[in-house]
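Scroll down for the structure; my scribbles are underneath it.
For clarity, chains are labelled A, B, C and D in written order, and residue numbers in each chain start from 1.
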Amino acid sequence: MNFLSDNSAAACPEVLAAVARAGPGTSAGYDGDDWSRQLDAVFGNVFGKPCTVLPVSTGTAANALALAAMVPGYGAVVCHEEAHIHVDECGAPEFFTGGAKLLLARGEAGRLTPEGITAALASHRGDVHQVQIKALSLTQATECGTVYAPDALAALGEHARAKGWRLHMDGARFANAVAKLGCHPGDITWRVGVDVLSFGAIKNGGLSAEALVVFAPELVDELRFRRKRAGQMPSKGRFQATQLLAMLADDVWLRNAGRANAGAARLAAAAGNRLMHPVEANALFLKLRPGEPERLRAQGFGFYDWGDAGSNEARFVIAWDTPEADIAALAAALA
Amino acid sequence: MNFLSDNSAAACPEVLAAVARAGPGTSAGYDGDDWSRQLDAVFGNVFGKPCTVLPVSTGTAANALALAAMVPGYGAVVCHEEAHIHVDECGAPEFFTGGAKLLLARGEAGRLTPEGITAALASHRGDVHQVQIKALSLTQATECGTVYAPDALAALGEHARAKGWRLHMDGARFANAVAKLGCHPGDITWRVGVDVLSFGAIKNGGLSAEALVVFAPELVDELRFRRKRAGQMPSKGRFQATQLLAMLADDVWLRNAGRANAGAARLAAAAGNRLMHPVEANALFLKLRPGEPERLRAQGFGFYDWGDAGSNEARFVIAWDTPEADIAALAAALA
Amino acid sequence: MNFLSDNSAAACPEVLAAVARAGPGTSAGYDGDDWSRQLDAVFGNVFGKPCTVLPVSTGTAANALALAAMVPGYGAVVCHEEAHIHVDECGAPEFFTGGAKLLLARGEAGRLTPEGITAALASHRGDVHQVQIKALSLTQATECGTVYAPDALAALGEHARAKGWRLHMDGARFANAVAKLGCHPGDITWRVGVDVLSFGAIKNGGLSAEALVVFAPELVDELRFRRKRAGQMPSKGRFQATQLLAMLADDVWLRNAGRANAGAARLAAAAGNRLMHPVEANALFLKLRPGEPERLRAQGFGFYDWGDAGSNEARFVIAWDTPEADIAALAAALA
Amino acid sequence: MNFLSDNSAAACPEVLAAVARAGPGTSAGYDGDDWSRQLDAVFGNVFGKPCTVLPVSTGTAANALALAAMVPGYGAVVCHEEAHIHVDECGAPEFFTGGAKLLLARGEAGRLTPEGITAALASHRGDVHQVQIKALSLTQATECGTVYAPDALAALGEHARAKGWRLHMDGARFANAVAKLGCHPGDITWRVGVDVLSFGAIKNGGLSAEALVVFAPELVDELRFRRKRAGQMPSKGRFQATQLLAMLADDVWLRNAGRANAGAARLAAAAGNRLMHPVEANALFLKLRPGEPERLRAQGFGFYDWGDAGSNEARFVIAWDTPEADIAALAAALA
């Protein structure tokens, strides 16, 4: 019973079928094929805004490329202290940007606020001896399994705009956020000022393709060159494109995410006061009781320890394909 | 009738079937799945040598990562002036190494020799004012559609070893070289001193996975970290691993490559004195006659112009799945 | 009456005389002159240990080069959250290392402890998804005007060694620390495990030369190449070397630093409960009373605001040449 | 008798006197002192154009910073195959730019032409798979001791402008070029489109300061941050500024350079058919006769071998302070 990560989930049937269809037959290489050439229009339609879509092979690559197009080496990115770009990408943003710094802010349950950002930067003078802040990066859904509401994002977007910062969104679980909020995807991206979205697909039933969705046209050329230079421009681009198209067709992405969210909601009800954060997407962060981690593992539940060693904190992730029976069993074990 | 590139080729049935099999069902994320965990043993068996296999998403990533593990920023790599790493990777080796230089040598038909390398470096002093040469990179099969014989590689490997350089092999079309030479893959890699091989699979019937095959164990840790940091560690590693395993099983890789090579050989016979280089793998480089490029395109043949503008030089690539009829038609058109 | 920074101080007579002597006449370029060739022996004698001395033009260059020789791009450096390398070098360490991260720890009055470091890294797993810690950087005297005692350094050095980390010391005000402690310079450097010391001279009466003092011979070659590549190898190295030699001759460096320390001690006595930190070197950090910053400035005292805006915190630095009268005047104003 | 390099020359009396004057007394740190604040106006007056002057410690730093402000990591710089930035800076341009490539062109006697550049780039497609050319770098006087005439520079500047490239000038021996041409310094810089000049002073009687002279105001901010981040912003900027001001005052720079040029001209007359290039600045490149290198060295002349090993090629550099007697002796030995 695997609650370790949505990386453990299967590829969904729609994606697998799309790959099978694109597999045989000759196509133009790189981005010249029929699938790749549909991407901009299909995403533009979903987001309600013209955009450029650049598939990449991992979320780390998506995030690091986006930031590299926004921030020079002497620049800095403001992000949450628990942001994936800071904690779990082995320094990819620093590598791709040529050594820009991540300046860390705090915020409850993984969510930043303008006030939290201002507090974190209180002693940042910004003169020539210091790095120059050029971007704000937000994760939606957050690393704590919460979701920014549209008005919270609007306030953050306004804060960034007033400071002259670009706005990046790490959307490794963007679908879960849209499914939770029931909003238009444009409401939490370009309408609040997002310049580039790292659109996650792999955790949500994909196979090997994530996408940069670029709303700021002036960043497109830079991103194309940086993507190639980073070894992220596949010679058979059709296989990435077809996965992304299959995810968007018939709302597969939202259906998959909704299923995962629903599972998490069921478990949240069972977890009671163990919950460290509100459950708004597909992950639970629990403060387990002493001995409980061992007991749950003995019952066959797989999950990660979280936080500091010995804290009894744990993360459970529900995927689009987590069996109902597993969810029910975990709910029972927690109740 | 597509002779543009083997990037246009289909994914082969064995690879597609493997992806379809790995698609459903839950696995460990990253490299923890059953397929990924077989890679070292399967490649080690094929190459006759323990090795570590790190899948990546493009050949550019493979090459640039390999060089980055061998060469510091103040270092240099010797390569052929037509090497893909110099001409067609948008500076990826420079990016991944932190700015190492590629020092260019010449050699007929894409092949370097110790003498050619020595001549190219005649004025390189190597003192503190200059970059420090740390690696030699060879392409097998070469960018000119030729192949290094094992003894030629042995001489180059000896040259590198005597100088204290690492040896990298860009094997985007490594299978075509092995199929041509009929040798053991070890004979043209670790036995001649290759430290890291960029093992190409995508052009040869793959879908989205290439591999770093690391024969120098002291480079493995460095490569793991650099791979993650470059956004090249996929969250569902099973889908890359299964492709690579499918290619090696039952010699699919050699069968596919052999088919492409055979097509090229048929066309070489028809091309006569238009041939600029011996045809030893799956590509032809032709000095076409005036007006011939236009005429061939009018007949429906797709191919790239090569060399300087207006030179009437052209490249034709035959893939594992290029239809026999297309090959026959092109042979007739050239004859 | 300038208490802004020891960067405002004059070059001391001994250094100016040395430059005047080295000015006329022909010498070998780069490091081949008679002065440059004495550096290793003279520093080795002062430190009681063979070492290699590489002059550079700024403390930022010294620090960033030292770290770059210790830490790969996927690496990390542990340092104090107020460390100059983090706050005031515009990201130079990240630039020179190729994007390594600085992981920030806390410690009272600018001093780290093994416990503080352990606490800061409690959630750092160190797996392949995270940067790899490779060095600890300490500032002696610290950014808060305090000094590490030899036994505190020994404990930190032991902690680093046990973890497999290199040890760097930012000694922009190293002379002030030695003068305060009255110890042998080896007692707080190589004897506690320092691999590379950034030896500061400019603030202490120098003109344009700082020095890397390298105690770890295996880092020397790497540093030579990186220094050249960073544009830090001067074509007339004699002018940097002669300054450094003049500082060490007849204990000029300790005399200058001692004078500055003594001035700070006098002011500390006057500052009373405004002191935020113990005064152990040549700087005071004061929590001024409301209105006091304005009043002191009106009296002609120059100093920097410190900490968060509006906090009434201020820094006063005493240099080797700060006039006694100015110190007396400030002492009176504070008393 | 030292003809090795103008790096061996003394600092001239005017520069030494200026340093001595600036030495004592308190000043603002970094660039806030009285000397630093005069730089823009003084250089602007000499060049006949408003400009920003940023002192740095070496020519390598000047060149690499200038290129880094013009060229992104995925970019390229066109330069002569013998350019100092390619041959003798240990990869500094690649380091500072984040891995941009230098694309090498040929041209007689160290001078590029539009035709030579076009020929070198004949096969450069410039698509997404290749680096993007963003700048042209010229050396004035060249590495071969020749000088570009103003109209030759105008043609190159026009070529660059038409291509959308920035124009950088490596002026390590810029004074020698101006002295030779007898032109206004503006005629060979901003009037032909130079965006940033690396203004050399150290070889010409300076001590430790070169300067970036920035004619393109939109590059200034970027250069300020990159300079700090590169450890090239000195804490006592007054000592660099005063050297540069002393060089420009009363045409010291042109008088020094003129003296060196005159010495080279005398030797050129004596060298006869050994001359490999016209002698237009302060260096001679000679094809010596067999045995002559040894004989000249036995007579006490110091000089560097040049070109490939065993070629009997040699470089002789005349400095502002090379004794007349040494020049006469060498002329006699060659005649």
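Details
Here is the rule we use: a residue touches a chain if its C-beta (ideal position, glycine included) is under 8 Å from a C-beta of that chain, and two chains touch if they have at least 3 such contacts.
Since we're looking at a predicted model, the values are computed, not measured.
Two chain pairs are in question, C-D and A-D; the one with more C-beta pairs in contact is C-D. Centroid analysis (C-alpha atoms only) places A farthest from chain D.
Chain geometry summary: the mean Cα position of chain A and that of chain C are 41 Å apart.
Between chain C and chain D the centroid-to-centroid distance comes to 33 Å (mean Cα coordinates, whole Å). One finds 49 Å separating the Cα centroids of chain A and chain D. Touching two or more other chains at once are residues 73-74, 89-91, 95, 98, 128-129, 225, 228-229, 233 of chain B.
Looking at the complex, you find that chain D touches chain B at residues 73-74, 76, 87-91, 94-95, 97-102, 122-123, 128-131, 307-309. By the touch criterion given at the top, residues 2, 4-5, 7-11, 13, 15-16, 19-20, 23-30, 56-62, 64-65, 89-92, 95-96, 202-203, 206-208, 225, 228-236, 239-240, 319, 321 of chain C touch chain D in their complex. Per the touch definition, chain A reaches chain D in the complex via residues 72-74, 98, 128-129, 132, 222, 224-226, 228-229, 233.
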